[in-house]
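Take this structure first; my questions come after.
Letters are used for the chains, namely A, B, C and D, taken in the order the chains are written, and counting of residues starts over at 1 for each.
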Amino acid sequence: MALERVESIPSLAPRPADSHKGRFGSILVVAGSRGMAGAAALAGASALRSGAGLVRVATAAEVNATVASFEPSYMTYPLPCDEEGVISFRSSQGVLERLMEKVDVVAVGPGLGQSDDVRALVRWLITSAGKTLVLDADALNALDGDVSVFGGLTQPAVVTPHPGEFARLVGVSVDRIQGDRENQAASLASRFGHLVVVLKGNGTVVTDGSRIYVNRTGNPGMATGGAGDALTGVVAALLGQKLSPFQAAQLGVYVHGLAGDIARDQNGEIGLIAGDVVDALPDAFDHVVQNQELHDIGLTP
Amino acid sequence: MALERVESIPSLAPRPADSHKGRFGSILVVAGSRGMAGAAALAGASALRSGAGLVRVATAAEVNATVASFEPSYMTYPLPCDEEGVISFRSSQGVLERLMEKVDVVAVGPGLGQSDDVRALVRWLITSAGKTLVLDADALNALDGDVSVFGGLTQPAVVTPHPGEFARLVGVSVDRIQGDRENQAASLASRFGHLVVVLKGNGTVVTDGSRIYVNRTGNPGMATGGAGDALTGVVAALLGQKLSPFQAAQLGVYVHGLAGDIARDQNGEIGLIAGDVVDALPDAFDHVVQNQELHDIGLTP
Amino acid sequence: MALERVESIPSLAPRPADSHKGRFGSILVVAGSRGMAGAAALAGASALRSGAGLVRVATAAEVNATVASFEPSYMTYPLPCDEEGVISFRSSQGVLERLMEKVDVVAVGPGLGQSDDVRALVRWLITSAGKTLVLDADALNALDGDVSVFGGLTQPAVVTPHPGEFARLVGVSVDRIQGDRENQAASLASRFGHLVVVLKGNGTVVTDGSRIYVNRTGNPGMATGGAGDALTGVVAALLGQKLSPFQAAQLGVYVHGLAGDIARDQNGEIGLIAGDVVDALPDAFDHVVQNQELHDIGLTP
Amino acid sequence: MALERVESIPSLAPRPADSHKGRFGSILVVAGSRGMAGAAALAGASALRSGAGLVRVATAAEVNATVASFEPSYMTYPLPCDEEGVISFRSSQGVLERLMEKVDVVAVGPGLGQSDDVRALVRWLITSAGKTLVLDADALNALDGDVSVFGGLTQPAVVTPHPGEFARLVGVSVDRIQGDRENQAASLASRFGHLVVVLKGNGTVVTDGSRIYVNRTGNPGMATGGAGDALTGVVAALLGQKLSPFQAAQLGVYVHGLAGDIARDQNGEIGLIAGDVVDALPDAFDHVVQNQELHDIGLTP
């Protein structure tokens, strides 16, 4: 497997003066369950802070008010849930089908919880929703290691497992994954036409099976609950702004790590929390845009 | 149609030392429904940040607590709602009638949702409430393109459609609207005695049918969910401070865009969200006031 | 009536190194009702920001969660309420009686709403609770102009009406009040042994009937909903820190106005909201303390 | 009793580049009840701000949404509660047992309330949960002065009473405690093999019965509701990062006091509230880490 090694960071095109919010993508985040409202909120807020035009968060009805209270600029959709406070797919399918008509990208997973119904929901999104996807956390756990479902993708999907989730996904030990991160990620991606794999960790790997990028931003202070939820929102927003799946994943992990580094410079590694990463996203994007502009006029900083 | 072109920005009179909150207007925001509490909150908070003396937000009872949790300085009024979480006008009319006795200006629309009852609510506000109005978003959609209802206005109304909403309102394609923004807006305004039209977009047009102002503040980073809700609150607050409807709309779009530019300078275009615009309103108003003071002493900056 | 004119601002004693929170007063705020959770929150947060050791907010059960969501450092007590979302005194008296054993000062009024039961609650606090009181807003309206109840005070009370509330309280027109503010306030205070009157407005008057102080801090930007609620909390906190009622009221209005001036310098007059005043309280207190220290070493700034 | 006097402040090891959140501890906070959601939130947020990898807050179901609304980065677990809004241990034991399998450290007490069931909960955590513990506030009150239960500890426990709680715990007057703080604390600790005692106050004492540390950070502005809840979270987080119980308690009180001093420098003593201490934790940890680095290269600042 000869992988093309990508080093340069893609950027977003300048926004034309006559932009309207439809131009920057309509994102649906499907996330959250009892006790995990925050995961949905972090993903939704990150999508907003990454330039998405419009963000909707569909979440378990039980936690909808809590999700809504975190950020006035996204809309929420309370979905019927089971007695554990987890989204019930059967009762929600109609609402979700109607939502699919309004959105460009679906991000699913943060704080979703686990149930048979969640498994059905994730499989339906992969095989039947017809939308560009970001799959994270419990959406990956929901596959129970059966990656063959990715064969049913009709649109691109970016998966963002950490090593433990990746190990469960492909049925290999974490140690073996960590000992051969690039090939493991590329091997999974290369099996499916529409799949981009983001294997998180120190030196996050981004690969579509033919190209590979190893990220160098980020720091150990980001080893804190919720940091991954933020990445999900960032990548979804970039997909909505019409980057290719590989480039959206690549720029997403770069900017997410850079935001973490900015937050670390302000708060130190120990005190850094996921919300700091979200708050630092604007500065991180600004940094990327300004470097791009310098690059465009011949000054590579 | 000979339109007088207005270039200068109106300002607010200095506040006398013995001011009390009644002097700066009592604003009622009618907004919000299931999943769209944030829209009501953004409009209400923007009215507060634009100098309103007192702000009340009447919203669907289902989301009242969420709306209330965003800002302690406005009051909320939970209105009975239907099973979709949308305000039920029939069950709310009594409360709204009593509220009319307490308020100077009514802003209606952000996150209102759509239903027959919402249509009835909006028509009642236009023809029977007897208050200066700001109509936005779902309040405009509620008219189903029947603008003749504006013939029933007994008090001034400012409408703030984006091009899509304007197109639905007048039954003309978005392309045709965008190709002739000034005349399209002026044409609608000139048909009704009390109407000021704010056609949003790059170079927002403000017109009462005889005068026209084209705004030059703002930036593409403001193409993000909720930015329009903020404008609704700003214009309502300025009406409550006794600017004429045309001047309130003109200063409102100017300051709203300026706040967006200040937010852009701080956060960049990509990371900018609607809440940043609200937060930057005080600085934007301060900028206007200080320039006015320089102007008054003969220094035009 | 020969009134002693007080000009100097009292200060708080330095905090000994071995202080514990019991030393700085236990404050009970009784406030809030349907749609007015924020008023209770602003009063409670202001008490905390003014040095209170412990703050409890007793509020209508219906809005208790909203009040609680604004500030983690106060405790809340949800009181049974009527169908309008207003505290029911009859159902709450037992809880309130037990609370009286835990608190030093009771502040009552912000966003309380109006009902026969609220009238009973306020009269009970004045005549039977045996605590130092701050009475504001709806607690004053609840007296229906019958000030004779203050004859039943066994502990000091500070009342903080704005001119309209004062006019209703004493049955005189607002114009006549405003034309003779100092004498009107002093006249009311002098009728009752334990009463300090704070007549708000431009040049807030503080008087116990024999001494009078006219405040010069503050600005017209503070003519915004909720600013008065903040003052209630400030005065209550200072009473809890063992200033005399006259001094607590005097320092309270001074610091509250100074906080408003600090907020104005940051946000301008137009964009200033009540929350800004609360946020500026620490700086305002610091200013007072530092000037006091300069004064104590012979440098009067 | 010859006590070794410890002066030097321990530090945290640098985080390796390939860290993941599991490395920094999974903390469970058991806290909160009706009206005291904030205490749980302050403890949970402090644990996050002190470097914990993952924080879960188990709280009375009645206040779970409020606790969740304060911070998106921790998870919450709503536990069944009694009619007073206090956690019902009998109905919660199953959930808690399953949670024990996921966590490294349990902090219990802030805002827990009092009931027979709370007493059973605390005893069960001490004798049967098998986890490193931090016991504070109502968890200490729940022992009713029967410290013999600490004989059942199989894992280390840190107790963090203020003098009043300590007095109730050991059945001695506050005056006597305060007159002999070091020996009183050491005497309690020395009776039990796994116990570290943190006796709060001016010069907080930390002792395991053989070593003693007297803290010198902190200031009287921290005598405010909720400051103690923050300490609970800090110590729990440090235990999760594998400091020994004595060192976790020692560094915890040092950093907590330092955060209070940083907050005091920003907000003054009077206006300081508990949330400021939490917000200053990152700076305080950064200060410790940087001094450690200077120390490691031979420069003791």
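Definition applied: a contact is a pair of C-beta atoms (placed from the backbone, for glycine too) under 8 Å apart; a residue touches a chain by one contact, two chains touch by 3 or more.
Here's who's who by UniProt: A, B, C, D = ADP-dependent (S)-NAD(P)H-hydrate dehydratase.
Please read all numbers here as calculations on a predicted model, not as lab measurements.
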| item | value |
| --- | --- |
| From chain D, the most remote chain by mean C-alpha position | B |
| Equivalent interface positions on chain B and chain C, same or different at half | different |
| Geometric centre distance via CA averages, chain C-chain A, whole Å | 49 |
| Geometric centre distance via CA averages, chain D-chain C, whole Å | 34 |
| Multi-partner residues of chain C (at least 2 other chains) | 65, 69 |
| Chain-to-chain touches, reported pairwise for every pair that qualifies | A-B, A-D, B-C, C-D |
| Footprint of chain B on chain C - complex, ascending | 34-39, 41-42, 63, 65-66, 69-70, 111, 162-163, 201-202, 219-221, 223-227, 266-275 |
| Residues of chain C touching chain D in the complex | 12, 15-21, 23-24, 48-56, 64-65, 68-69, 71-78, 281-286, 289 |
